[in-house]
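Two complexes come next, and they have one chain in common, chain A, joined by chain B in the first and chain C in the second.
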Partner chain A sequence: MTSPAHVCWAYCVLPADRDTDARGVEGVIGAPVRVVPGRGLSLAVSDLPAEEFRDDVLSDRLADERWTAGLAMAHFNAIEAIFRTGPVLPLRLATVFTSAERAIAMLATHHDRLSEALVRVTGSAQWTVRATASAPRGTDAEASSGTDYLRAVAARRDDAVSRHAADAAAATELHQTLADLSVAAERDTTSPSQLLSGVYLVRTEQSGRFQDVLSRAREQADGLTLDVRGPLAPYSFVPRLEEAA
Partner chain B sequence: MAESGYQPATAAYGDRPQPAGLADVLELILDKGVVIAGDIKINLLEIELLTIKIRLLIASVDKAREMGINWWESDPSLSSNGPGKIERSGGDSNGAKGELGQRVAALEKQLAEVTDGKATTGTKGNR
Partner chain C sequence: MTATLEPRGDNTLVDLLDRLLAGGVVVAGDVTLSVADIDLVRVRLLALLTSVSTVTPGSAV
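== the complex of A and B ==
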């Protein structure tokens, strides 16, 4: 059995009828990106030297943090560059095939669910919004006695409790408002340090209003510090093929 | 290798939408995105370790912030990815920056005068 000279690194799925020019997009390891047309769906890929993907070579490379970070950023940047020209479904990092033909064949087995998902994300972008509690402003009243001191401590604790409740309510309200403006929304409630961690699929024509809500929230809810990312390709709004299989 | 997009993880704090930092990118492309089984398996252990490292770093920054240990944010010399933070901490650091800038400019002017003078003298002396 002969080993091929190249492997096929895949970035994202595109509608086949989309006229996508991937020229000028830089992929991983500096490789050019090309679009491989399939039946109904296309795939953006790079042909990479198979030599780079020999286990021993790759594990040496991956041990270098800067190289690994660069690989991840390059995968992301290529997806974002193609996303700026039209709808995509991003693929998870390191989706690699022995050939473009094999990649297209694999795509065909999931054709229906991928096509549906592409229709759903067309015209929309993903926004990530995180809210954490702003650091409390200190009110350091001088305690003239031990009793005063203990009273102040208790008052501060009560303040903190009510402030947290108010912040949590503000975060939930913000999420609801943002979700109402979105095609789809997901709130991650597993991180206790964050009052809000949400992803929103927002139509382009709604993104102005979406950002207005965030600006207003920054002005009004002064207990919250917001971290907003977007517009990004819809990483969180893709079908879970493995579970369906 | 394209590394131009690399940003330190602590760049994640700002008041405006911004491109994703490395921590966000790793989360998006490792935890999200379509999973299609490629026919070449790649061991992503190293990348996952990198993710954990970055998350720990972020968590420690978050924790410190929670406890009110965020003095570095108002110190321009310590917050390397400045603009957002300096802006957020209000007029103080900008004011300080402006004043410092003026002093530096004044000192540079003085220095230029002095060195010009010396240079002229030196040239004359040597010839």
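== the complex of A and C ==
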């Protein structure tokens, strides 16, 4: 039961048959996390003071970046803590219900698609991989004449062009290799400063090989600097149920 | 490689956070931020995280 003085902040969906102990998991604003069971699916939630999280108040409060940053970190950390004990479907930040009953009703509405999605991510984790070009090698040679200088500039430019092409090819090859080891993969090509920005859904038994590929790519030192995050809950591999208005 | 997030002003974490904010199941809650709200939150948070080297955990809430 959620009293009218509280709203129900939801973190993630989990299988109802999962024996989840949320005790000790800290949620947003330090609130405890509890698991409310539904039919076939459960929901991890915190009861938060309504006066702070009502919709008319929440939008305003989210304008406070630091408050919101804390909220986001706490939301993700709670999801990760629960994810470490079994499969979850993360919910978007600031999914709030007026009562636990309303939250459970939502689960019932989307039962089939949420269940399917949970089955799909069970036994897997999300990894994010970002590759950027390493700092250019070589230093400016001293030019003894103007012609030498221009020649050196042209050579450096040609080097940079061919190096970029080689880096881009290496990034694409790396993505393909990682995608082949994954249940699902998505590459974000909208950021030109990144050679690779990918998310991968990787089965636990493949995560060793997945990390080996990344280790080898690092050792090759072929111009890519890698940033790897994982294993994470599958934020990018959830069903698109509805678009918020 | 850790799943625990700490607000620090490094770009890779900003990337990660951006992806997390963009992800997750969208369901209609009783209080649901609109896509515009969420985008605004993302923009604000990313600006904060890129401009501040360290946000002391706990100070935010």
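In this text, the second predicted complex is superposed on the first by the 226 of 245 C-alpha atoms of A that agree within 3 Å, B and C clash if a C-alpha of one lies under 4 Å from a C-alpha of the other, contacts with A are read in each partner's own complex, and residues count from 1 in each chain.
We adopt the following convention: a residue touches a chain if its C-beta (ideal position, glycine included) is under 8 Å from a C-beta of that chain, and two chains touch if they have at least 3 such contacts.
Worth saying up front: this structure is predicted, and the values here are computed from it rather than measured.
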When chain B and chain C are modelled together on chain A, clash or fit: clash
First, second, both or neither for A:Ser59, with chain B first and chain C second: both
Which of chain B and chain C A:Arg120 touches, first, second, both or neither: neither
First, second, both or neither for A:Glu26, with chain B first and chain C second: first
Contacts of A:His175 with chain B and chain C, given as first, second, both or neither: neither
Partner chain(s) touched by A:Asn77 [first = chain B, second = chain C, both, neither]: both
Chain B versus chain C as contact partner of A:Arg218, first or second or both or neither: first
Doubly contacted residues of chain A, that is, touched by chain B and again by chain C: 7, 10, 13, 28-30, 53, 55, 58-59, 62-63, 65-74, 76-77, 89-98, 102-103, 106, 110, 114, 128, 227-232, 235-236, 238-242
Contact footprint of chain B on chain A as seen in their complex: 7, 10, 13, 26, 28-30, 53, 55, 58-59, 62-63, 65-77, 79, 89-98, 102-103, 106-107, 110, 114, 127-128, 132-133, 135-136, 138, 193, 211, 218, 225-232, 235-236, 238-242
Interface residues, chain B side, partner chain A - complex: 1-6, 12-20, 22, 24-26, 28-30, 32-40, 42-47, 50, 53, 59, 62-63, 65-66, 68, 70
Of all residues in chain C, those that touch chain A in their complex: 1, 3-7, 12, 15-17, 19-35, 37-38, 40-41, 44-45, 47-49, 55, 57-61
Touching residues (chain side chain A, partner chain C) in the complex: 7, 10, 13, 28-30, 53-55, 58-59, 62-63, 65-74, 76-77, 80, 83-84, 89-98, 102-103, 106, 110, 114, 117, 128, 130, 197, 199, 227-233, 235-236, 238-245
